[in-house]
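The same chain A turns up in both complexes below, where it pairs with chain B and then with chain C.
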Partner chain A sequence: MSTMTSNGYLENLVQSWQRPPAASSNWLDQLRANAMESVGTLRMPTTGDEEWRFTDISPLNRLPYPAAYPTAELSLSAGEPYYLAETAHRLVFVDGQFAPELSSIGDTTGIVVGSLSSLMATHGEKIAHKLGNLAEYRNDIFTALNTAFLRDSACIIVPQHVSETAPIHLLFIANQKAVTSYPRCLVIAESGSKVRILEDYIGTEKDAYVTNTVVEMSLGSNAHVEHIRVQRDNQQAFHIGNCTVSLAPASQYHSISITLGAFISRYNLNILLNGEGAECTADGLALISDQQLADTHTFIDHVKPHGKSRQLHKCIVDGMAHGVFNGKIMVRPHAQQTDSSQLSRNLLLTNKARVDTKPQLEIFANDVKCAHGATVGQLDKEEIFYLQSRGLSDLAARNLLTYAFGGEVIDRISIPSLKKQLEGIVLARTQIS
Partner chain B sequence: MSAVLQNLVNQPYKHGFVTEIESDVAPKGLNEDIIRLISSKKNEPEWLLTFRLQAYEKWLSMKEPQWQNVKFPKIDYQSISYYSAPKPKKKLASMDEVDPELLRTFEKLGVPMHERAALAGVAVDVIFDSVSVATTYKEKLAEVGIIFCSISEAVRNHPELVKKYLGTVVPVGDNFYAALNSAVFTDGSFCYIPKGVKCPMDLSTYFRINTEGSGQFERTLIIAEEGASVSYLEGCTAPQFDTNQLHAAVVELIALDNAEIKYSTVQNWYAGDENGIGGIYNFVTKRGLAKGVNSRISWTQVETGSAITWKYPSCILRGENSVGEFYSVAVTNNLQQADTGTKMIHIGRNTRSTIISKSISAGRSNSSYRGLVRVTPTAENARNYSQCDSMLIGDQCGANTFPYIQVHNNSAKVEHEASTSKIGEDQLFYFMQRGIGTEEAVSMIINGFCKEVFQQLPMEFAVEATKLLSFKLEGSVG
Partner chain C sequence: MIEQNSRTLLEVQDLHANVNGIEILKGVNLTIKSGEIHAIMGLNGSGKSTFAKVLAGHPAYEVTAGTILFNGQDLFDLKPEERARAGVFLAFQYPIEIPGVANNQFLRLAYNTVQSQRGKEELDPLEFDDFVREKMKLLEMNPDFLDRSVNEGFSGGEKKRNEILQMALLEPMLAILDETDSGLDIDALRIVANGVNQLANKDNAIILVTHYQRLLDYIVPDYVHVMEAGRIIKTSGKELAKELEARGYDWINAKSHHNATGVQV
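Showing the complex of A and B:
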């Protein structure tokens, strides 16, 4: 059929996939096999698909990047500039593989932190129950690929009523060019627990590679999870991220995602408020320039009554970059007393920059409060004039306002050293001279 | 309180009756011969037949759109009769000669034409099914050089104007339904305002769908020359039928330098009964081209009828400093579905657009706002403000918002806001405290909710719309 046009990227991956032994009853092998079956029924999205209308990933189709095997040497100091002082545990993954020599796992009394392989024996059952269950691989090709090539995963299990105050740093390093890596992460926050997760993507390479990541988070009742995601891949990379979060009654999920890197990046964040009275915030900042494309698709699904969601997404688009935001908020029938608000704000710095935004509401319950807003524009002349009247140059005024625009999201990050790092990056990027 | 609401929602359709007039109906189905038949019946020139055939060819290669948020059984385009005209008697010189049966129909609808024309100063180009029967006030308009007639008359008398503009805003292959319309349109209105003329009165067309099983394919073309201005009203009612009727109209507006066109619609077609049986499918393509500098196109619509409404009155803002406006109230009840909104395409410099959309859903209905604001790289200093508010009445209805914002120019300023709410208990309580009953309170709240749009309507329509809304939703709020 003509729809099965040759796709170098996909074909190459499918060919390199190794079928697990047929007799294997291992659930993980089974999951991988099922996911591979789904890959066979799916195709790469094109701009003809509504969900990918503004993000053309066709450049990817020409890159026959196989799945990454950890071969390249990585010096022990490569990740050091990114290590944070406040973290209790640090899990480092190189090209999707756990790197114990770079990781540092602190005091694990009361909490389970580690790679999938190291926890398989002790917590296999719990993990099997959740892994691959939240992230729907049957209708998303990238999730299906990630699951089919699942080799290792960061696993964090916070037992009931345990509160881990120091953040857990998950550092994913891309260390090879021309490969696809499949970072994976599973977080199980049991009822009444509290945890902070930092999901961090960096690249040591200068050339193109593909990162296809899947994160699953399951929150028990009254659980409290803070999730900070920083994507700073190199400017040639392709980054596809999927994150699915399920919330039990009265649980709280707070997410901040910062997108700085990648040539083409796409982040799908699905938050399912499956329990009554669940709350979430989903903030985001994309700061892009040159020819970058950053696409954020969020889906907040209010399934049960008394849910609350807040979202602020900002894009600062410089050069010839292209920012895309699609924020869908669904209020299911009977999800009464839902309170939801969403704001998409976009700043265009040049006349070649481009933004496509679509805040979207789908509401099927009547007793709800839902609002959304979107703005696209450049810096306000009045504001620049005000700063000039205070003695700032035109350029300084512009830089300051641009920095402040992004600062609103950075400010919400609760890890001081990370906040400082990011402030530095945003400051450097917004100081156009 | 919900009982009151229920009653309000369940008002039967007032205008359901069929006028018995002998109709000249073409055989069902669509093929080249039918198109040739329509063309020859209407004594059309060769170029128009070519236009139709081109559109038909395009249509054959197109697929029905699937993206809209509405559900309906597949339409069999071969079981529709594409031409139906009241049997021609003889040309009428005055209103007295109009078929009394026809006049009675309008009377039932509360449109006493002659009276209305005289009292309100409205010229009504009456469209009964597909052929224009009588046109009033034509002479008065002719004095200032305005051409206001049916499009078939315009083809006969002003072919150069029709040929120049027809299909320039909505090309024959624009979309599936527009292509269908271009192939088989039978009649519609034509309006031409010459240079510098301000139309002395509001122009109005009353549509009426009659003859069971005949789809209606209207074609409206309005041209405002340099410095001209016109306000055009369109109102619709249709009798009650069980088979779904397809309505695929095309409206094209062209505003040249400094011209202004205001197009207002009150749509109250048969929406089907409370089980969603019957009702009109309203698949309309409306588009205005603000071609000249400082031109202005304004759409105002009150959509209360139709089983399915699928329309996006749009503005292409090509002229420098041109302005586009869209004011809409959409009310859905029972099993009605509406997917409506607008497109504002900013091309010229300093173009501005405003979108105010209010939707009210009750019963098991579903209403969506789908809008597009696009700022192209050439549109320096474009400005848009959009506001879409939805109100839900009852817990079985749905309201969706799909605003697309595409900005390719950094000097643009685009703002979009949307909210969803219901009529608050506190609001009703406040009214009751002041001695105002639930029903009246609801009516007042809804009218307040829609006020920004109603303000845009011409006086007569504003009154009608207010009434229409309260009667549409009578008893549905609790």
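Showing the complex of A and C:
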């Protein structure tokens, strides 16, 4: 296959786009058309762009995969190993398309859960108000592409003071090779509501495909959202994810992002603390090997006073893999009494493994508490000796410490069966015998 | 306690050791018999903590001369984990925090590893839970400590209690307590000392490495050694600690020719 320029790549991608009828007054058609217009003004990023300095996505230019249409058959059992006992609702999307036969929507008294197409008639207005408004498509090519190709979306609306205690599982299955899928998700947590979302990406294919996903979450005042994200695409896949979260006063957003899959992955998490006293945690673990590249970019924007943010991001990098973390924390002039801490810890398991970590603090208020730190290294010799002095062999000590390094993040996951699954994966990937 | 029928557990002869190429131990001689409690005192930098770490086999310390026999076996033939299994235990001055590993998981792993190497029965999680809770009473530890990550967020006193709990589980023949008293308030000190006293018996031996006499009010040693510049320069009974407290280490320096270990100074 010949190397294609980034413009050639976009041109190819756009060919699979279908223009909505010119006279359509449908807001969704309008949104898609606007986004496509933005695509025309944007270009693919290169390592010359500051935000993409460490992540070379040029291999993506060689994969101008058309948008996926549901063609391939998927056996009903394909997603079963990933189903979780604790979930109240499960929405399954195959190649970006809602798959009702694989989904399981439980008791929806008081809560709205479903696909965009099924909710359009009943909740269109609420959805139209938020969809595409949080995720800025005018200056991000991937968000623009996702929005232009938006056909369906997972939609969750939790009305005021409703509390859904069991998690809602959004399972995105990539089931075709050589296609691009555009999963989308919208969460509206109205004031005083409470919800737990699991956003989960898997692949049934062994060959390359592209996932370009966008999530928007809007939290009303005092709302409480827990967001767990697990990216376990196959090792050939390209995964680009964007998530934008907006927090009203005294709301709380707690997120844990686990990155295991994809050949090249990039996750942008933007958290806007737009209300006074809003709080967030943004933890992450990337566990990668071979030639994988996993890039996590987070932006925590303290706009109003008395905000609080906590972040622990970890990378365990094996083989020749490359981990990237860029954590920007902005404290705007009015965001007095902000309390923020960020820690990036990185473990390199081989001499060829690589990590680039960049904490970025921009503080424009004068009465704030902000702490950040970053470490990159191999296992601590004192820790190994401590375990040896308790009878563990050198190897057992190393295995335990490597596992524990990831375990610290996994431990924070509140869904027991998922936690157990992930513990098993971390254990299998960190143990040398 | 000095016993009639005791056997020699540790025999250190002319031990020299380097850290980063600098000689820290310059000819340590020490013999310890079962049932005995020895205190090693000295100023910071005298080499007492280095001695403790060399006994446990810390890889950063290079032994350049001398011999150590532990229970008749050449200690230098054993890796740190083999020393632990053979019955050497070091309570760390600064116990390591291990976020992500639950304390009970760690304690059981250490216990079962050592048990199986000694040809003894391992315990499953339920059995171990009962066993460890019983041992924790010895140190007046809250069972909550089992579910927390190893030493993470523990206070200084809690970490030291966790060290002695490990000693209680692993039942060493020779326990080396490196500045176990540092950072402890008086209540914690009493609890830790009480635990150690209950673990001491006629078949094991304990080395207390300490800067201050305070600990020795609670754990009464049979011998007190004073270390300086990498050697033991004076050995005496427990009254020596009191004298050091009253007169300071300078007093020893002035009289160091009265060295009891036979080393020429």
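Some observations on this one:
Criterion: the second predicted complex is superposed on the first by the 425 of 433 C-alpha atoms of A that agree within 3 Å, B and C clash if a C-alpha of one lies under 4 Å from a C-alpha of the other, contacts with A are read in each partner's own complex, and residues count from 1 in each chain.
Convention: contacts are C-beta pairs under 8 Å (C-beta built on N, C-alpha and C of every residue); 3 or more make two chains touch, one makes a residue touch a chain.
These numbers come from a predicted model, not from an experiment.
Once chain A of one complex is fitted onto chain A of the other, the partner contacts of A:Gln336 are limited to chain B, with no touch recorded for chain C.
Of the two partner chains, neither chain B nor chain C is touched by A:Phe149.
Once the two complexes are overlaid on the shared chain, A:Ile363 sits against chain B while remaining clear of chain C.
In the superposition on chain A, contact of A:Arg354 is made with chain B only, not with chain C.
Of the two partner chains placed by the overlay, only chain C lies in contact with A:Ala396; chain B stays clear of it.
In the superposition on chain A, contact of A:Gly407 is made with chain C only, not with chain B.
Comparing chain B with chain C, the partner in contact with more residues of chain A is B. In the superposition on chain A, A:Phe238 makes contact with neither chain B nor chain C.
Shared-chain residue A:Tyr253: touches no atom of chain B or chain C. Within chain A, not a single residue is touched by chain B in the first complex and by chain C in the second. Here chain A touches chain C in the complex through residues 380-383, 385-394, 396-397, 400-401, 403-408, 410-411, going by the rule given at the top. Residues of chain C that touch chain A in their complex: 56-60, 79-81, 83-85, 89-90, 92, 95-96, 98-101, 106, 109-110, 113-114, 117, 149, 166, 170. Remark: chain A residues 50, 333-334, 336, 346, 348-351, 353-378 touch chain B in the complex.
Those residues of chain B whose C-beta lies close enough to touch chain A in the complex are 67, 375, 377, 390, 392-422.
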